[in-house]
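Structure, as structure tokens:
So that you can tell them apart, the chains are marked A, B, C, D and E in the order they are listed, and the count of residues begins at 1 in each.
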Amino acid sequence: MLEVQAVEAAYGPFLALSGVTLTIHPGEIVALLGPNGAGKTTLIRCITGLLRPRAGLVRFEGEPLGDVPAHAIVERGLAVVPEGRRLFGAMTVEENLELGAFVPRARSRRAAGLERVYAIFPVLRGSRRQIASALSGGQQQMVAIGRALMANPRLLVLDEPSLGLAPLLVESIFEVLREINASGVSILLVEQNVQAALTLSRRAYILEAGRMAGEGSAAALLDDARVRRAYLGPLAP
Amino acid sequence: MRALRIVTLAVLAGWPAWSAAQTIKVGAVVPLTGRYGGGGAQVRAGYEIGVEHVNAAGGVSVGGKTMELELTLLDDESDATKTVSRLETLAAQGVVAYLGGFGSDLHAAAASVAEKNKTPYLGVAFALHKIHTQGFHYLFSPFWKSPDIKQHTIDLLTSIPAAERPRAAAIFQEKTDWGREMAAAWTEAGKAAGYEVVVNGEYAPGAKDFSDLILKARSANADMVLGLPTPPDGMTIVKQMKELGLSPKMTLLIRAPDPPIWSKNLGKDGDYVVLAPGWHHAVKAPGVRELNLAHVKKVGRPADPIAGPAYACVQILAGAIGRAGSLDRDKIRDAIAATDMVTVIGPVKFRPDGTGIVNAVFLQWLNGKQELVWPRDSATAPLAYPAPPFAKR
Amino acid sequence: MTRARQLVLGPATVALLAVLPLVVRRDDVLNFLFLVLLSITLAQSWNIVAGYAGQVNLGHAAFFGLGALTTRTLWSAGTPVLAGMAAGAVVAALFALVIGAAAFRLRGAYFAIGTLALGEILRITVGNVLAEVSTLPATTIAGYRLANRYYLALGLAAVAVLAVAVLGSSRLGLGMQAIREDEDAAEASGVGALKLKLLALVLSTALAGLAGGLFAYYHISYYPAHPFSPHWTFDSLLITFIGGVGTVHGPVLGALFYVFLREYLAIRWVDFHLLIFGALFVAIVLLLPGGLVEAVARLRAFTRRA
Amino acid sequence: MNAFLQQLVLGLLIGGLYGLAAAGLSLVFGVLKVLNVAHGQLIMLGGYGAFWLFALWGLDPFASLALVVPGALVLGVILYGALFGWVVRAHEETRVKNSLLIGFGLALALDGAAVRLWTADERSITTGYAGAVFEFGGLAVPLVRLASLALAFALIGGLHLLLRRWRWGRAIRATAEDWEAALMTGIDVRRAYLLAFAIGTALAGAAGTLVSVGYSISPSIGLEWTLKALIVVVLAGLGSMLGTFVGGLVLGLAEALSATVFGGPYREVVGLVIFFVVLVARPQGLFAR
Amino acid sequence: MRAVSDVSFAVAEGELVGVMGPNGSGKTTLFNLIAGALRPDAGAIRLRDRNLAGRAPHRVCAEGIARTFQLVRPFAGLSALDNVLVGRLYGRARGARHAAVGEAERLLALVGLEGKAHLLPAHLTLIDRKRLELARALATAPRLLLLDEFMAGLNPAETESAMALIRRIQGEGVTLLMVEHIVWALMDLSRRLIVLSAGEKIADGPPDAVAADPLVIEVYLGGTRGSARRA
């Protein structure tokens, strides 16, 4: 589904990623873990075409994404829920959602897409005429996920969906992700919430300071001291 | 820094230097772009045709040697600072006299540079009298000034039977020194012409809305409107007068209705407006026919109102140089001051302050044409008075 | 360029320009150089507040105009012109202090447009109140020497360049540049942003006021609203930007280039000069987005390699 | 009292034109973050377009909008492709600076070209029905200017709907808010820029047409309209076309009010003072969200 | 919306206190409040018994509180030396200019930027930019230094050297309050940790005690309540 091979990326003179490799198979949920500033968001920018890697290759469904402009990557079936949600705050919920179905592949199924999102997040149906910036954080996150779903993606990339949300909400969001995955959408989940991410995913990668520091099955990593140390330090229980 | 040096050298070396040739160099800085561009174009046509005609007639005889006039004309973008700078360029070229541009602020700046450079300056298309009260020695203007306009306004109005004359005048006063000067002059003229100024309202040039003045004039029952708007202001005034139902018996606007474009823009709403551009292509004077022919060839219509006086400037200058018999600028200056000749604008003499003693004309827009209505003896049409209301045209 | 070279080259240029009127007795050249020097002063003064303190002031003409108005009024009344210019600088700076407190509540584009409005308010008001043309008496004109104006302009331009050079490496200049780069980070480093911005504005407007005084001394006949025209602001901005904003050399290079190109084209192509100037300007901005200073640096690097 | 009300009505009428003149500038600034100081020149070109359609074929100026607006749209596409498309690649700070410089050069070039093409004479369109007036409770409402206001409102309203309903309209709004997020939802941001610039130019063309009917045009009117538009843009704040329109009306009213109270010459001064006070009190503008 | 509510703590002279908490828990807001970038709605911030709450940032700096930023914010148009000079010439120190240059150079050397004084920040690596920002903050002669995620984005080797640098600075007598995500580094450096969650202080104590606190583990390691119990 998605292959990232030996990607190297830089902002100006300093290297943000080097030799990063990652694979997602169809139908998988893969977690990408790592502390703040490790380069997770940079990797996502490389995958979504916002940043051109200096070296290496990103392939989506076998096709290299090297020169594909960012907007055309969405058309190919790769949608992203950006960090901090990045909703169009002055627009209504429904307008945000409909913009998610902007690309041709999703446009014809706009109505069905809306129904699907409202089925997943029933609260949004009630607030669909509201201005997005007036929503609570949790609802905003639902809109962000809904907007990405509207593109009818085959791979959904989520950048820190639990950020700033109460634990109960995180739980329900993750439940939704499981449902989405069950409907056939592969998921790449970038998270700080290690526990939740590893519970949800089957495999995970650990990024540290721009390099892959580890990879493995979620179950193994849950008990891996390396993960724990990356977050809680040597004194972690 | 190397580039700085290169540029410095380029400035010094590449700056146009002028060679001495066997021509009489005359310089003009005229606004071809910017807000005065329309007027500048009229002036330019007059100068260029004038120089062509003088040269076609064999040029000017200077001390037994016949020389051609060579006109260098530059654009100042309607910006007084650029006027100054470009006049200096012309001075370095060795011009023996300056021909003026258009608009009183540019004239004021230019005349003072001429004064400083001790170079005679002939300018038309400004009626501001104040410039002539500064004691300038080199400034000449064969064009009527505010006091002349005042006097001729009286003459024009008193030619109307006393019972029918306008009684209540509204002055739309542009907030400039000329506006102030003319407002005072017209107020003064009312005593002799038998009208009272019922509204004297000011506006800033370039205004988009004149309704406050028009409404005041309407409620004061003004039957005459006097003003000296720029073309855009004048057009807006007439449009809004019609909209707000102000239909005076006489509308006398200086400046705005001068360009031929007036009636193209306003259609029949522009009719009946009386104007005082200083000249008309139908005046009876020698050379007018030739000027009109050349103007038709160049622009496609008989000479514009300002083109005539501009043409006259060249005639006066050529005559003065011939009489001076020298290219000495002071001798030319004295010869201009002693001018007593007949030009396309009729006989011209100068007063000591440099203002011209020239014939006066009033025109009126009638059926989309500028008709000469005053003085009566050379009129192409009688004065249409009172003007019918806008609705009945 | 090394500091030593700068210390030699600067005075040498000024000295060269100082002897020029003795060699070249052409008023058009003097007048051209006068315009360049005036533009340097005005652009450099704008550079202080925009290039160093990072506040794009679009009402700069107001201060130029106030300087001209004050100087002309006092000079006409018999005050020596230098005293009049000093007074003009003070008036401009005082006005800056008064409006600065309000205007600096605005940031970025809002500051720019707000100051543009202030400039227009002054221009229209002056045009309304003082509608009479201001002309020097004929006796003064008879004794008018362009060289005097030229020397004053040279001195003022030298002062302006020097002021910016000194400011650029001073404590105050450093603080202003810190504000330009990041106002919050500057505040966190102890820089009182409002105070320094006001100081930059006062310095900038005082210089603009002096330039206005010079204009009043130079221009024989003009309408009092003329120096308030937004064109003076735009000229300063364009000269500074095309030369190199926030540098000492930028406005100097920019003024030379801008005034030369403008005057040259106006003389050479009477009917098409605006069109050519505009098109050339666009081309230069597209080709040299970093301004002339950067282009010169690149050129020098290139010639050194070649 | 009547005269006072009459003034306000006329202020409102001219305010609509201010609003329309500002709308295009606001759209371009809001979406591309580019300040096009040649906007007034584009208005001027629109005016000439309408003028020539009227002078050559006698086409009614309001009808000629149907040709002028598409023409301006094409001009916008060309200008974007040739000039402003290069500017948007730069970072935001350089973007504003370089757009200022390019806009200035473009303005000069257009000024010069217009003089060569159409002479420096002022032009204006006077139709057969010019000067016709509705009497409404003793107030005179000039037909042409009322029609202009209505058209301006219709155009802004249409644009408002376009930006709300049309797929690309929403894309333009999304790009204005967050171009990166727009890119991530699959919007071709460059295309949104191009569309916004072209629509902005089309609006300028429409405004120019109305200027040539109600007032007059000449090659030198550009700067004046740019300044006016700029002030309305900031007064209203970015983000809403309807807000910009209302901002224009507010400015027109303020000017009329001050002309009545302080006299005609101070018409614009008071408008500017109000503008400055609003700006200092509410830097984000009157109607920005 | 309340970002931080009713948070109280005291820092002793010479102490190094770490602040941790998940993203969005209010750490940066807390720093902004202390540094004067935000005005507190209620409460007091005292430095040596002087209440600084509500003062402008540059006044707070003059009183002796300096900070670094979560995302480095050096003055991009100024050389490294000039960056530090700004701090020296305007902060609490306000030294004479010639002395200031010497001090700035000493600080650049202290943070490990010797030989890079004339480079622009754009030509520095991330760690060097962080060092530069630290030097700029130190140049103001702070009594209290706020470090906001100083180690974020550094590789392990760089993190080690950053830790050594922080120890050196603590050795110079500067009191430190640091927000950090790299918890092992924080636990290694500090004797005391404060944990924030959703704008409230949930723990305050020695690192081992904090790390063992079930509340901390739940909010920090995250996850659902069920999985927290399992951990």
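Here is the rule we go by: a contact is a pair of C-beta atoms (placed from the backbone, for glycine too) under 8 Å apart; a residue touches a chain by one contact, two chains touch by 3 or more.
Owing to the predicted nature of the structure, the values given are computational and were not obtained by experimental measurement.
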Would you mind checking the shortest number of contact hops between subunit A and subunit B?
-> 2
Please identify each chain that touches subunit A as well as subunit C.
-> D, E
Listed by label, which chains are in contact with subunit C and with subunit E?
-> none
Sort out for me whether B-C or C-D is joined by the greater number of C-beta contact pairs.
-> B-C
By Cα centroid distance, the chain farthest from subunit D is E
Subunit D-subunit E separation of Cα centroids, rounded to whole Å = 49
Note: subunit D sits from subunit A at a C-alpha centroid distance in Å of 42
CA centre of subunit A versus CA centre of subunit E: separation in Å?
-> 30
Mind checking the centre-to-centre distance between subunit B and subunit D? Centres are C-alpha means, answer in whole Å.
-> 35
Where in subunit B do residues touch two or more other chains at once?
-> 32-33, 175, 204
Residues of subunit E touching at least two other chains | none
Residues of subunit C that touch two or more other chains sit at 124, 128, 271, 273-274
The chain pairs that touch are A-D, A-E, B-C, B-D, C-D, C-E
Per the touch rule above, subunit C residues touching subunit E in the complex are 171, 174-175, 177-178, 180-182, 184-193, 246
Which of the residues in subunit A come into contact with subunit D in the complex?
-> 48-50, 69-75, 79-80, 82, 86-91, 95, 98-100, 102-103, 106-107, 131, 147-148, 151
For subunit B, which residues count as touching subunit D in their complex?
-> 32-38, 40-41, 78, 175, 201-204, 206-213, 215-216, 219, 231-232, 235-236, 239-240, 242-245, 259, 261, 264-267, 269-270, 390
Tell me, which parts of subunit E touch subunit C in their complex?
-> 35-37, 56-59, 61-62, 66-67, 69, 73-78, 82, 85-87, 89-92, 94, 97, 136-137, 139-140
So in the complex, which bits of subunit D are touching subunit A?
-> 164, 167, 170-171, 173-174, 177-178, 180-189, 239, 289
